[in-house]
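So, here come the structures, one by one.
Two complexes are shown next, each including chain A; its partner changes from chain B in the first to chain C in the second.
Up next, the complex of A and B:
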């Protein structure tokens, strides 16, 4: 179901303990701290492995997340905005990660640019409630999606490289 | 120069168009009481005939009921139209999506409605079909924190007597929204129907959920109707979902049929009805709730249900066994502490979408996130600083 390298990536993302969603005021803060700790470790791992591919931050309540992800293809860096909300039923149901700027450019998306995940993602997530968090959703959901879709979209000419004008 | 014939033809054409256009604006007046009088002008005569035929005892009671339809897509819009034509008292519609041309392979919506919100477009059409139905619309995503409380409040207070709605119909197309509905209905003890059509468009199901009495959506992994397609031949190349108006219409039909049976108390309400389009196979079964359900409100409802005196169903002279007394297919909930096989067959032609591990068998992990005294703000700052 999961290949070796993904398995290795996964095993390096700290697992979470608190099963709490955003409706549970106090426990949610605990969960959110675990989310951040896990994400910080994951991003740090990525940097150490020279495989840094996203940044995320959230609103104060930790219910809305946004940031950037990037994908290197033929030595060019393609960058996309990422966003998602934490559903009330989290962590039983995974967040629906969206890349709004690609909405309508690929059939492997639902409305609003929510990425269409493989058949394996949801069962895998369900088996690992509440241990999987946002980092796992990125690693198992968005990561593989980018790896498959972005080269395809580039080859079709749907997206093209933009010189870094900003920053 | 245009000839007289051409101009005459054009006038005729325009006159026809004008006739159609003016007819569009003919709306029928509201009708105060449902009459069973059989005249051309009575929109309820064929429905009230159900009484005369002894199928339904109290058809006009339908006007007292409120139904919430969550998701007004391929299944939900048809569901809403059926209920409207049946003369339901109040209809509450939830959806955050817009009508698109890509929806036109399904029933109900029309190309000129593209760009409108689904709930608004639906409400307009439905009010035109039957102005007696009181239609309320909510254009938002129910799964988000900012809308969920309003969603539950509407479900609890929007009946015609300001109480809870009589039934909730889930016509959504994703797991997250189903789970949100399940959470709300367990918490506030609302009876609901789950419905769905598979992403390959060739199977579907409806499931009747009475919190505490029948299995909730969190009691077991979702059920899937076997489509008899070899997984290996099923290509998902470049597409997320296929859909057919046929399958969706069939599922909507089952859904509303059972809703009518539940509200008007005739026939038997089916607990689970599956549909496999490729083989025209319709598995049915009853699912008992899982005493170890993850949802604490589900467990609470189960306790309440166990204490409640069961209504004795008056059976007429001849003794008939309840439909689901025998367990021909050996349906049972799987004990998660036991080693479960990869594929669990729940009933013939129905499987669990996936199986859950026993809690001990955890994926190997490096470390669990430790409790530290670092504050959330510090963590947020740390994340930003990377």
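Up next, the complex of A and C:
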């Protein structure tokens, strides 16, 4: 089950209405607009709450998304690339978010760096088709995962802090 | 495609949003931590608000306080301030000094902040009020403005006096302010009310009337007090107008001068409580005596003295109540008398209630009663009360058995004496009756003197009340009323006199008693003798008559015996019965008793008499003079009388006397029938030397007996006279005629009788 703060952020992300996948030309545009609006709102919320933790952008059709996400641990900011594609069956199927940098570094990951989402995520998502969108996936999927895995990985020394200059 | 354009734009927007700088926001917790850290380090000076969510800088607080003060019109409560600003009261108190320091116009008073604008405003209000009410008290203001009196006094009123508040401070009470007009108004009121008063009036009632506070009245009174004085400076004080005091004094002076006395009651009615000192002050040069309820001038005392002198010299009385002013009560009078009466005068006077009686007057009254005393004493002695009294006295003096026996003896003797004295009512029980009566009276006397001690009452019982109140009253009322003595005092006088009267009466009674006892014994003896001699004479008469009778013929003899028994013997019996009756204290039998009455009377007699008297009475109806004589003798001896021995010589003289008596009567007599009768009897007596007792009816019989002694002519004369007499007495036509004839013959008859000599002597 998601924790209290997650639930709160989730409730602040606007829900979507249009149920359409990338193949449906007309409706997908509609869906994409809603996705954007939802994301904008979500990002805005995050920034307002001083809780900005990712950057995203998509290709022209909005089927491929990529960007960065970061996690602050012990006053150090760990930054990771993030990418995912919109599945054809979207929005019935949730997008599979991947962190390629961490591929092979943790057990809770599929090949290609796709993160293993919690047992709760999928039924939750299924119940909320088509209301949930990309923002929700980020908030419910990636956010909790980072919060659990990154400190663990850091403590294991699997990942180490990289100065910004290195980047 | 417009939609794609829109998506592009949205994507651009999205980028823009993501690229925009994030607000550097601290969480609340952090902030609190940071601030408290800073405060700890004294790097910051902040004040927590009471809800704990805000901080205020001290400067802000100070300015807030000022602002709120202004908002609230120049006055605010610190507690309220704390609430409004939302800061703990402690902070406000800490920063209060800063507030006050910065601004001299703001003051902190009793947990309140007040600024000068507010003070000026209330000063204005106070002034308004003052001008409305005329006077104002700080304490009232204190209540109204809820500010301490000192503060109001010093900061508000005094500061602004003459500037904003136009009035005057009371000199006596700095807390009171008033306007000039109010003062003059009040003064006028007081003046008016005081001037209007003529009687002493309690201050409170004055104040109630004019509606002025007590303090104000007293402070202003001195400035207005022209008409009178106050008895004090208290609430209960009285205002006494000068007019009143003056009239009071005048009244007192006048009254005293006019009447010569002065009543304390009258003074207290005038409202003078300490009368004696007042009088001392008022009547300085007067001579007076202080009595119980009044004072009295010398002149009155002198007058009374003179009156008493006069009373003594004129042997009358004076009524002090009338002579003195009516206000004097008994105590006063007593005091006056104490002052006036010298011991010499005192001895000459008697004081009964309001009356002063001179001794002489009382003596006169006693003299008035003398006859009463005499009479009463006599009555008392005669009714036996006195004896009773003496017995009781004796009984009281000696209480043992012996004395009682003695008493009994005395009692008996007394009783007998009483009987002898001819007590009016029945015999036996009388003694006891009087006894109870007297004790009753004594008890009544005792009641009257209830106030006396028990011993006195006992004593009282012993004194016989010979003269009771009513008796004395009857006697004294008239003379005393003529003197003008009233009924009530009459009673007093009588009560005063009664013991004396009684004493006198007792003395009198004793005297009378002594004399009567002496008298009575002598008297009784005398009567006894008289009766005895009388009876003796009668009996000897009877005897002589009997002798004469025996000379006559038997038939006439019987008639004459009967007649003799009926007349003379009956008289004797009656006499005896009378004597016995008096002796026995019985009602004396009437003169003409029938035989039955006589018997009845005798039957009622005690047996000692009854046995002897009864035969006598019976013999009256008998036929024999001898029987009578015998019975009479025993009867007389029962009556302790002695029958004289028959004396022949004496009989002779008796007969002679009888004869001369008869002749004398005869010569004097004019009655025609009686002349014959007397003549016949006289002749008989002369002829037989015995006496005859007969009635007219027996005359003819006697006459026929006398024939042998007389000459024929004499007999003829007598018979013819006798015939005419019978003719005359029988009445009828010839009565007058017979009378004439008789008249002619009277002288002859008289002559015959006178000339008749005893035949024996003639013959011999």
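Note that in this section the second predicted complex is superposed on the first by the 165 of 167 C-alpha atoms of A that agree within 3 Å, B and C clash if a C-alpha of one lies under 4 Å from a C-alpha of the other, contacts with A are read in each partner's own complex, and residues count from 1 in each chain.
Rule of thumb we're sticking to: a contact is a pair of C-beta atoms (placed from the backbone, for glycine too) under 8 Å apart; a residue touches a chain by one contact, two chains touch by 3 or more.
Please read these numbers as outputs of a predicted model, since none were measured by experiment.
Engineer: Using the superposition on chain A, tell me whether chain B and chain C clash or fit.
Structural biologist: Here chain B and chain C cannot both sit on chain A without a clash.
Engineer: Chain B or chain C: which reaches more residues on chain A?
Structural biologist: Counted on chain A, the partner with more touching residues turns out to be B.
Engineer: Mind working out whether A:107 is in touch with chain B, chain C, both or neither, as first, second, both or neither?
Structural biologist: first
Engineer: Looking at the overlay, what does A:86 touch: chain B (first), chain C (second), both, or neither?
Structural biologist: After superposition on chain A, A:86 lies in contact with chain B alone.
Engineer: Considering only the touch criterion stated at the top, classify A:57 as touching first (chain B), second (chain C), both, or neither.
Structural biologist: both
Engineer: So in the superposed three-chain picture, is A:33 touching just chain B, just chain C, both, or none of them (first/second/both/neither)?
Structural biologist: In the superposition, A:33 contacts both chain B and chain C.
Engineer: Which of the two partners, first being chain B and second being chain C, lies in contact with A:22: first, second, both, or neither?
Structural biologist: In the superposition, A:22 touches chain B alone.
Engineer: Between chain B (first) and chain C (second), which, if any, makes contact with A:9: first, second, both or neither?
Structural biologist: neither
Engineer: Which partner does A:127 reach: the first (chain B), the second (chain C), both, or neither?
Structural biologist: First partner only, chain B.
Engineer: Contacts for A:49 in the overlay, against chain B (first) and chain C (second): which applies, first, second, both or neither?
Structural biologist: The second partner, chain C, only.
Engineer: Same chain A residues contacting chain B and chain C, which ones?
Structural biologist: Shared contact residues on chain A (touching chain B in one complex, chain C in the other): 29, 32-33, 36-37, 39-40, 43-44, 47, 55-58, 62.
Engineer: Of all residues in chain A, which touch chain B in the complex?
Structural biologist: Within the complex, chain A contacts chain B at residues 10-12, 14-17, 22-23, 29, 32-34, 36-40, 43-44, 47, 55-58, 61-63, 85-89, 92-94, 96, 106-111, 116, 119, 122-123, 126-129, 131.
Engineer: Which part of chain C faces chain A closely enough to touch in the complex?
Structural biologist: Within the complex, chain C contacts chain A at residues 1, 3-4, 6-8, 10-11, 13-15, 17-18, 20, 22-25, 27.
Engineer: Using the touch definition from the top, list the residues of chain B that touch chain A in their complex.
Structural biologist: So the residues of chain B touching chain A come out as 97, 143-146, 148, 174-176, 179-180, 183, 218, 221, 236, 238-240, 294, 353-354, 356-357, 362-370, 372, 374, 376, 379-380, 382-384, 386.
Engineer: Considering the complex alone, what residue numbers of chain A touch chain C?
Structural biologist: Touching chain C: residues 26, 29-30, 32-33, 36-37, 39-40, 43-44, 47-50, 52, 55-58, 60, 62 of chain A.
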